[in-house]
């Protein structure tokens, strides 16, 4: 199988997520990074490309130049810029016939998000949004278990995603990652909501197959001078009677990347934490708790590839790599006009991105009004 | 020091909490159970007393008879009846000059709760409400740490208390404990809210020193045919800007008695779970997490008595015994007209009970209206 | 049921284990402490008795005086003196027709231990040795599971018991508990071996039903100037082909009371830790790990009494109280000439004590010779 | 920086460790796999190469053919064959001027191991042995902490490595991985000892900087018909007075890949487990336990590269990738005649392999004789 030719937009030296995407892209050997517009600063882009051993002729100071210069020489682009810089290159790439892998959240505004969705629809290209937490093996297993009815009727869907890196006003100390994330112009309407709230909401939806139909949110900006939320909690209602809670924070001392999901149904419960992602606690009512292991007994092997056996921990990079591997399979299948071997429902796409933006807007509106909002109300925002 | 003479109301054979109170009362050797009206069924009361080795002459089929028959022969009564049967004996006992130790929630209605509070005020007697979770050593340490400023300004106060024993409709299967707890006439306006929600709310208040000044609650009755809540989640706002979340459930499969408290401030966080109560996770921002141990390094020994050293786990009975030991000290001090050696602020009392009732009523009202309610609004309910 | 009349020998003010025994004795309401010779210092004994509210006439400065003065007025004595002071009062009490509850290790020498065993045999009295860790509910469950074949043929029996309180030479700083434990004249041939090694070895034997038939030990005295071991590790061989390891330490920084037991058979494994004693990890080969809970699903309720439900943690005091409750049942049954309702095999007795002494002597001899010793060899020591 | 050209020997389709090495080699983008002799079955080798997208001309049915055919076209080879097939290709590759990355254990016999060491010495080439567990960030941190004196004088060094995959006689059921590992002709003198015991022993040595100078081992073959050990435990003595224990098992139900290291010194302790490798428990005597995190506060960043921040778990593949990245740096530096930027002491080499073989032989001999053996004695074996 030939590797797919990948160009990257963003992710130059000093970036956090760019290098991570590059490792993930090569881990399963389905992509070759062959070109890049790593920065809008041409010199920085050039240096980044050189450090990666790319042909200097294929390193660009502008993504438009890359799309032009690489016409016919790329299969896909990976977009790892700040939120407000996703839409333009994504739409242009799609319209140029390229498949797109895009970091989350989809965009900094709903109109941008919907424009991307329209471009996906008209182009017929594969668009993958890197909600990588949904690709952890035990999360896929949780989804499969719930779909199979193992929990009975869902009652409570609890998700939290707490960090502490913005406890102090890092954005005032020259911290690039902090600076753009607290700036509405670059981040969009949500701060922590956009950055990690969209992950948390998507994860709960991915595992349960449900989208919230009402929410009541309470947002805070604890950091002095912050305009965007750095902490938020909310109540949710889901179709079929299940209820939910969601808490996100970037100001919770002692939390590093604490994404936790707990789901309870009429027959059983499931609990999972991202920092120890290889285990899933499964509790059938009236039976002892079981600890399910990635690759171990009761692991549902069909749900995901296994690179190493149980007890050999896989982590964050492997989850993101799974997104890339699945993206490659979807792209190969699309290109070949065949059915993919991976269930497309497992791979987050543009609709997750649009839903995420609506979720952010709904939460912001609910918090402002201090009221429950139905989906109809928040979609109308 | 002479032991205090205790009479018990309720807690006959088959009860859950009665025997637990009896163990707790004797564990630290401050009380002698000398009389009882263990059941309104005289024969059952008699049998219970006999099993306890009590003088048959001091075992009664009615609490009124006990108060009359034991005039001058008791120092205190412990009331461990269902919620709606607290007020009458509590008020009568107080008015008879007895000190009272009463199970929570204080009453099944706010008017009853306030009547008890009035009786406490006019009698000058000690009234202790057994919110025993507040007596766990590491909870008292958490309270002392927060009071000392170890967390900085409080930002998030998260508490959950989840069980699974009502996942199935046990109340229809002759389960006495379940039956009265789901019956509004006996339990009051809250189901899980009254039974465990009051514990959760009190615990958060005890540790932080804060009472909520607004809440937005969402209650469910997942069990078929239930009138009262068996699951509830809510958003809270506290004075000074801190926010809170609270989740309680008696229908979460895999949760046995999962009371968890997590508090985050501008400088540090604290996390504690009741099922492993001897540890407290303390996370100063920018430092490694610390595991504080009951009786171990950094334990604040002044906050509580230590029966056994670190590593020798204490549990639920010891926490409740601490309530009894502290009650005895308050009673001895009150009787002697001296200052008690225990900080009265550590011992839950009638005001916690009234606050608990208001909390339940506020949550029920908020859920009905699907709206945030301020304290002023819910107190007016 | 009348409570048994208990006299205590040792355990005066400042002692560690005396107060713990007193709590345990009253927790389940089967004993009344009515007399005591709490110290060989009469004044200290008197003060201790007064603090306990005992009749001054029944508080003695000498255990011989107590046995004489309380003739016919006691059912049992609890002996909580240092190791070398167990034998004389135990034998005298047995010969006086009293039942005995004795702290471990049984004695400071094998000859003393055997003399106690002879006294037990000739007296026909109940003798209980307080290996309280064997009374934790999940340990009793582990024993029952293994006896029922749940693990298949046993292969590995691993036990460790590590503390850190002797990391520094506390015995030189006026620490009474440390001082006698490091003194061969008071402690006997083993230091940590006698103090905690006997617990660890007994626990492994209790759960598996096996006694070692060979061992190879390596003892250290890491503390400067120490004569007795403060750390030891050994290999063991058990009948039927199972092998074992045992590590004990009182100089392992970060270990508080770290008693851990792990057992693996041809079909399944079990793991338990004393600091979180309400859970037992059970791993059938080829199945997900199960977390068994005291009082929860799959708890073998017949193995032990349940004071509080699952999720309400029981601890160290409850385990020791179970020993006292079971001792009371054995005594009542012996006195009444009836079969006890508790399986006597669950209650550690004099034979555990003799075996413990032999184990200590065998380990000391093996370490000196730097060689494996068979049971025949070490019993001949 | 140009990527190094890598050829692989072994690791064809169906192998476990080959694919893992390939992921690790590319994860940090320092190697290009360009050629392979993946199997001694030419057709299987060809298919493996094709699946990897290699130029068919560079895929060989025999490693001798590869060394000949690729003369001048490779920088290094990775050897991932069964143990008895390491020596011949390693020596030939070294003598051909290639650097070598070799799976552990080094060889199936000490003479082979020493022959490889001689070839390394005479060739001046880099030789890296993939003891990947030594490359986990928190293990490197533990080593640095101990070297800095953070634990004081070392007292106890405890390591265990337990699995369960050989609980049942898989080798009789056509399981290729099991079959060669239990065959002395292919595996060498040790079964579990060679496969995982060498990892455990190396890890303890790596972290402490100490090699055992005496041991007393007890080996078992619990699996019916097995000649080699599948379980072993031993006592060790280290220079300077520290003692050790080591347990390995491949027949412990419920253990998947349970490599645990615990080290206690006169001032502090450290505990680490491979299945949750991003945390290190650090316990200074008299202070609360600290949980150190990879990439978090108190992480010693200089000890290792950080691919993703704290809370984004790294796992087994990243550890092995670190070995490859460091091998690349050593090779680049050797080729350039410059000092490497990585401390060569962090990278396991041929001397670890020879020591490992001696350790296996010493343990086998000690178990046979049922006696302690000094290093002098076991080296003479």
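By letter and in written order, the chains are A, B, C and D; residue numbering begins at 1 in each of them.
Convention: a contact is a pair of C-beta atoms (placed from the backbone, for glycine too) under 8 Å apart; a residue touches a chain by one contact, two chains touch by 3 or more.
All figures in this text were calculated on a predicted structure; none of them were measured in a lab.
A.B. asks: Give me the set of chains touching chain C intersected with the set touching chain D.
C.D. replies: A chain counts here if it touches both chain C and chain D, which gives A, B.
A.B. asks: Which of these, A-D, C-D or B-D, makes the same contacts as A-C in over half of the contact pairs?
C.D. replies: Selected from A-D, C-D or B-D as the counterpart of A-C: B-D.
A.B. asks: Quick check: how many Å separate the C-alpha centres of chain B and chain D?
C.D. replies: Taking the mean C-alpha position of each chain, the two centres sit 55 Å apart.
A.B. asks: What whole-number Å value describes the gap between the mean CA coordinates of chain B and chain C?
C.D. replies: 35
A.B. asks: Compute the distance, rounded to whole Å, between the mean C-alpha positions of chain A and chain B.
C.D. replies: Comparing mean C-alpha positions, chain B is 43 Å from chain A.
A.B. asks: Got the chain B residues that touch at least 2 other chains?
C.D. replies: 255, 282, 289, 293, 296, in rising order.
A.B. asks: If each chain is a dot and touching chains are joined, what shape do you get: line, ring, star, complete or other?
C.D. replies: complete
A.B. asks: Within their complex, state which residues of chain C touch chain A.
C.D. replies: Listed in rising order, the residues of chain C that touch chain A are 282, 286-293, 296-298.
A.B. asks: Would you mind writing out the residues of chain B in touch with chain A in their complex?
C.D. replies: By the definition above, chain B touches chain A via 155-156, 158, 164, 167-168, 216, 218, 220, 222, 231, 233-235, 237, 241, 243, 245, 247, 249, 251-255, 264-269, 271, 281-285, 289, 370-372.
A.B. asks: Could you list, by residue number, the parts of chain C that touch chain B in their complex?
C.D. replies: Contact set of chain C toward chain B: 1-3, 16, 19-20, 22-23, 26-29, 52-53, 163, 255-258, 274-278, 293, 296, 307-318.
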